[in-house]
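Across the two complexes that follow, chain A remains constant while its partner is chain B and subsequently chain C.
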Partner chain A sequence: MTALPLRCRPAADDGLLFVNDSGSFFRGDPEFASRLLSGRLEQADEAFLADRGHLVDEADALSFDAHTFNVAERIGRAGTLDYLILVPTLRCNLACTYCQVSRVAEQARGFDWSDAHLAAVLELIDTLSADQVKIEFQGGEPTLRPDLIRAVIERCERFSARQFVICTNLQELSPEILQLFDRSDLFISTSLDGDPGTHERNRTKGRGSKFFANLDLLLSRYGAEKISALPTVDPSSPPEIDALIDAFRSRGLTKIFLRPINFQGFARKRHSHSREQDGAWRSYYERFVRRLVELNWANQDTVLEESYLSICLGRVFRPGRDRHVDLRNPNPAGVDYLVVDYDGSLYPTDEARMLTRSGVIDLKLGTVGSDWKGETWRMLNSHSTNQFDPACSRCAYQPYCGRDLVDDLSRYGRVDMARTSTEFCRKHQWLFDLIFELVYDKDAAVQHSLRRWLRLDCEAALGEAAP
Partner chain B sequence: MKIRLRVRFAPEDAKHAAGAAHWCRQFYPSVSAVLEQDSVLLESDAPEGHRLAGIWASALFNERAALEQAAFRLQVLDRLGQ
Partner chain C sequence: MIPLRLEVVAEGSEPFVTRLRRGQAASGGDSVMIEDGAEGAVFAGAKGLLVTGPLPPEGFEDDVILVHPAAGRAERLIRAGSAHNSLLVTERCDQLCVMCSQPPKKSHVDRFQLLKEACLLAPDAATIGISGGEPTLYKEQLLSLVEDVAAKRPDLAFHILSNGQHFDEGDVARLRSPAFRRVAWGIPLYAAEAELHDEIVGKAGAFERLHSSFAHLLRSGARIELRTVLMQANAPGLDKLATYVSNRLRFIETWSIMQLEHIGFAKNRWNSLYFDHRSDFGPVGRALDRALVRGIPVRLFNFPRCSVPAPYRPLAAASISDWKRKYMPDCDGCAERDACTGFFEWHPVDHISAKVTPL
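After this line comes the complex of A and B, so read on.
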C-alpha cells in the first residue's frame, strides 16, 4: 500500500488535523501521528486510512485515479470572460475617509465614460462568448449615470442568464433609478456600517437619515433578497457587536460580510494601521462569529452568517467553488472577469484599479477595445497559483486557500514576500484554524450554524477522527 | 511564561529535521526551534507554547509531505503523459 501525502496542522488542543492534497481531512491524536510518521500503523489505522483513500494499493489504478481526480477538482478552472465590473463614473456624492478608490467630487468634470468609452464597452459585451453574464456597476457612485447603466443592461438582452449588481451609497433614489432597480435581474449592493450613529460618522456626515430612509424604502419595496449590505469596520474602534448585528437583523438582512478597512485608496494614508490586522481584530471577528452561532441557535427560523467565513467553509467542503475572486487557486488575472474604469482603462481586479489610482503600481492591462493580454497580464498570470510555493507546499490548508497578488502588491509592493510573512497567509491560517475548531466542536449550536451555513440538511458529523 | 520542550527525533526523520525547524519558525514566529544532534529544542512564550509538540510533529509531517508531494506530482505528470 502507498500512503498518499498528508499535511498536518496542530489544533488548539493536543489533536492534529491531517489533510491530503484533495482537501480530504480528519483528526488524529499525537500517538496516531507518531505511528503514521514512523510507518508503524496498526490494523485499525490502515483500515481507516484505506477506507478514506489515504492508503492506495499500487495495483489499484481506479483508487489512484480517483485521488488524482479529486486533486484536480481542487484546482480552479477559470472559464471564459463573463463577469465585468464597470465604473461608468468616478464621481461620488459622499467623501468617506476610507474610500478605496480615491473618488472625485460630484461636480468634477472628465471622470465619466465618454461616448467612445460606452461604445467600446458595448462592443466588448458583444464579443462575450458565454451565454450568461454578470455585470457589477461600481464607482464612484454609478447611479449618478443611470443612462450609462441602462445602455449596458439593454445591450445584454441576448444572454440567456443575466445578473446586474449596482453598488450604491443610496444617497439619492430618483424615479429613474427606481425603474432600473425594479428589474428582477438587478441586485443592489450597499454599505451599512452599523447603527445610524456609526454609519453617519463613517460615511454620510449629516445625511445619514436619508440613507436609512432609502434603504428601508428599498427593503419594503423588494425584500431583503435583492439587497446586500456590507459593513466596513475600523479595527481600531469596531462597533459593539450586537449593535452591528441588530442593524442588519432588524432589516431582515442575514448576511454580514465583516470587512476591516481595505488598505486601498484614501485608506492608505488616513487609516495606515489597516495594512496589517492584529490579534484584537481576530478576537473581535471570532466573538462576532460566536455571537452569530448563539443567535442562530436561539432563533432557528433565521440564519445569520458572516459571508467570508461561509466562503472559506465552502472552500473546505465544496470543491469547485471558484467564483469568489479573492480566494481561489489559481487566481488568474484578466481571464474570466475584468474591470473597465471610468476612463476606459482595463484592470484585472477592482483592487488593481485602486492601486493604480493610488500611484502604487500601474496594473492597467490595456484600454477597452484593445487586446489586454500583454506583458502585465502575462506577468500576473505567471504568479497566480499557490501550488509550487515552498510555504504553501508545507501548509495543510493549501487545497482550500488561494493567491491574491494584488493584495500582496498593495501591502508590501511586491509579490515575492515569504508567504508566511503576508497578511493574506496569516489571516487564512487563522481563519481555517477557526473553521476546523468549529467543525470539531461538539456543541449542538455550533454544528447547527455550520450546517445552515453550508446549506446542509443532514445531521452527519462534518469531521472524522482517526482511531 | 516561556515554555520549553525538547523532542528527540527518530533517525529516519533526521533528514527532515532542518527543514522542519526552519518552517516551524516561519509558520510560528513566536516559536524558537534549535536543532541539536538528534533532537530539537522548542521554546515559546506565546499561546503556541502549549502546543509545541503538535507544532513540531506537524512541521516534520509537512516537510516530508512537501517532498512526497513533489514526487507524486511527477508521477501524475508521467501518468498524464506530460
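After this line comes the complex of A and C, so read on.
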C-alpha cells in the first residue's frame, strides 16, 4: 500500500489539514503526520486512508483509476458558448464614486449599440449551439434601452431553457420596464449598499428615495426570489454590520454578496487603496459571516448567507461547480461566456472590458460579427490554469481555487507574479482558512449555517479527522 | 396488478415475437387486428393468425409480445404505455443473495434472438430494462444484443442489472463504443467491508471481483447506477459505505438505496432482514447526508414518502414498477400519492412496514 500525495496546511490546535489532489480532505494531528511520513501507519490509519481513496495498491486495480477520475473531476470543463454579458448602452443616470465601468452621462451620444451592432448580436445568438442560454444585461444602465433588451430576449425563444438578468440601478421604473420584468425567465440584479444613508452617499446623491421605493415595489410585486441585490462596500469606512444585514433581511433578501470596491474603472483613481485588501477588511468580513451564523441560529426559518463564501464552501465539498466564472480552474477566456460592449467590442470578462476602457491594457478580443479567437484570446488561454503553477502545486487549496488573469493584470499589470504575492491568492488562502476553521468548529450554530449554505437539511459532520 | 401474460392460440410451434396493432402494419414484425370482441381478438401477421383472450383494459396498441404457441400463452415483453419494461435474459446466477427477490434457477433457455427482435419493435426512445438471473453470464450475447439494437435503433436506451462479476480488461475497448453510452448498469454493492458484502451475496471473493469490474467499467466510461438494498446486516455500515462511495466510487452516475422487497428469499427471512427505517432513520439519513455533501446523486427506492422525514422526501423516488405497484387503503387522499413509490403488490398489509400516514 502506498499513500497518494497529500498536501498539508497548519490548522488550529497544532493540527494539520490534509488535502489530496482531488480535494478530499481530513484533519490529523502531528503524530498521525509523523506516522504517515515515516511509513509506520497503524491498521486504523490504513483503514481510514483506504476507505477515503488515499492509498494505492497494485492488487487493487481500482485504487489509482478512481483517484485519477477524482482529480479529473476537479478540472473545470468549459462547455460551448451559452452565457453572454451584453452592454446595450454605456449611458447611465447615476455617477457612483466607485463605478467600475466608466459610465457616460445619460444624454451622451454614440454610446449605444447601433442597428448594425444589434443585428450582429442577434446573429451571434443564432449561432449558439447550446440548448440553454443565459444573458446578462449590464451597463451603463441597460433599462435606458428597453427596445434593445426586448429584441435580444425575443431572439432567444428557440432555447429550451432561458435565463435573463438585468443589472439595474432601479432609478426609473417605466411601465415598459415593468412589462419586461414580468417575464418569469427574467431576474433583476441591483446594488444595495445598506441603509439609505450609506446607499445615498455611495450612489444616488440625493436621489435615493426613489431607489428604495422602486426596490420595495418590485419586491412586493415579484417576491425576493426574482431579485438579487449586492452591496459594494468601501473598506475604509464599512457600514455597521447589523444595519447592512438589516437592509437586506428586512426586505426578505437573504443572499448578500459582500464585495469590497473592485479595483477597476473609476475606482482605480478615486479609491486607489482598494488595490490590496488589508487585515481590517478581512476582519470585517469575518465578523459579518459570524454575525450571519448567529442570526441563522437564532431564527432557523431564514438562511442568511454571504454569497461568495457559499460558492467557495460548495467548491470544497463538490467538484464541478464551475459556472461561477470568477473562481474556477482552468478559467478559459472567451469560451463559454463572452461580453459584448456598447460599441460591439468583445471581451473575455466584464472586468476585462473595464480594464480596457481604463486604458490599462487592451483585452479586446474582437468585434461582434467577426472571429474573436485571435492573438489576445490565445495568449489569455495559454495562461488560464493554476495547474502547473509552482506555488499552487504546493497549496492545499488548489483543488478548490481558481485563476483570474484579469484580476492580476488589473492590480499588477502582469500575469507572472509569484502567486503568493497576489491579492487573489492571499484572499483565497485566507478565505479557505476561514472556511476550514468553520468546518471543524464544533459549535452547533456554525454547523447549522454551514449545512444550510451547502443546501443540506441534515446533521452530517462535515469535517473528518484521521485516527 | 397489471397482467404480464395473455392467453393466446397461435399457429406454428416455435416461439415468436410480434407487435400488436390496429390498422396498418408498420413492420414485418407486426400483427394487425382483424377482429375485435368482448371475448378477445384476432390478429394476423407474418406468423399466421393469433387469437387472444380478453385484451388488457389499459390498452395493447404497440405492445410487443413473445408468443409461445405450444403453451397457449404470450408474454407482454414491452408494454408501449409503460416506462417499466424489463426483459429477463436468464434465470441463472453466480451469486445467491440473502434477500434475492427472484431466486435463481439452474436451467437456462437462450432467447437472445427473440429479445433482440422485441427491442427492434419497441416504441420510440424507450428505455428497456434487462435483468436476470445474471445477464453477464451470457456476456457475449448480451453485449451483441446491445450493439445490434443500437445500430438499428439509436433512440433506445438500456438499463441492465448486473452483479458486476464478469467484466474484464478485454471488455474495455468494446464498452467504449458509442452504443454503450445508451446503457446504464445497475450494480449492487452492499457494504464497504468485503466480508459483509460477500456474506450478503453468498459468494466468497465477490467484493474483490466487483472492484476489478469497477476498474474496467470506469476505464470504459460506463454509466453505473450503484444499488444498495437496506437490511439489518448492512444498515449500521451504511454511513461508512457512503464515505466509501463518495471517495472511491465517484465515477458512478447515481446511487440508489433500496428498501427490501417482500418476495423471494426475503419473504421467509423478513424478520431477520427488514430494517425498519421508520423507527430509526438515522443510518439512512447519515448516509444520505454524507453522499449529498460530496455531490453524489442519491435516491431512495421503495421508501413510501410518508415513512421518510420531510427533508429527505424529495429523494424518495416512485421506483416500484407500475405493474407491481399498489397503495394501501389509507393512502387515499394523501397529497403525495402520485409522487410516491407505494408498495409492492405482494407486500403484506398487516405488517408494521405497511402503516401509512397520509401527507
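Going forward, the second predicted complex is superposed on the first by the 467 of 467 C-alpha atoms of A that agree within 3 Å, B and C clash if a C-alpha of one lies under 4 Å from a C-alpha of the other, contacts with A are read in each partner's own complex, and residues count from 1 in each chain.
The criterion applied here is as follows: contacts are C-beta pairs under 8 Å (C-beta built on N, C-alpha and C of every residue); 3 or more make two chains touch, one makes a residue touch a chain.
From a predicted model like this one, the values you see are computed outputs, not experimental measurements.
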- Message: Quick one: is A:320 in contact with chain B, with chain C, with both, or with neither? Answer first, second, both or neither.
- Response: second
- Between chain B and chain C, the one with more contact residues on chain A is chain B
- Message: For A:179 in the superposed arrangement: first (chain B), second (chain C), both or neither?
- Response: neither
- Message: Looking at A:236 after the superposition, I want to know if it touches chain B, chain C, both of them or none. Which is it: first, second, both, neither?
- Response: neither
- Message: Looking at A:457 after the superposition, I want to know if it touches chain B, chain C, both of them or none. Which is it: first, second, both, neither?
- Response: second
- Task: Kindly classify A:33 by the partners it touches after superposition: chain B alone (first), chain C alone (second), both, or neither?
- Result: first
- Contacts of A:302 with chain B and chain C, given as first, second, both or neither: neither
- Task: Would you tell me the residues on chain A in contact with chain B in one complex that are also in contact with chain C in the other?
- Result: none
- Item | Of chain C, residues touching chain A in the complex | 192, 211-212, 214-215, 218-219, 240, 243-244, 247-251, 285-286, 288-290, 292-295, 311-312
- Task: Under the touch definition given earlier, write down the residues of chain A that touch chain B in their complex.
- Result: 4-16, 18, 21, 30, 33-34, 36-38, 68, 71, 390-391, 393-396, 418, 420-421, 429
- Task: Using the touch definition up top, name the residues of chain B that touch chain A in the complex.
- Result: 10, 12-13, 23, 26-27, 51, 53-55, 57-66, 68-70, 72, 76, 79
- Item | chain A residues within the chain C interface of the complex | 24, 51-53, 60-63, 65-66, 69-70, 73, 317-320, 454, 456-460, 462, 464
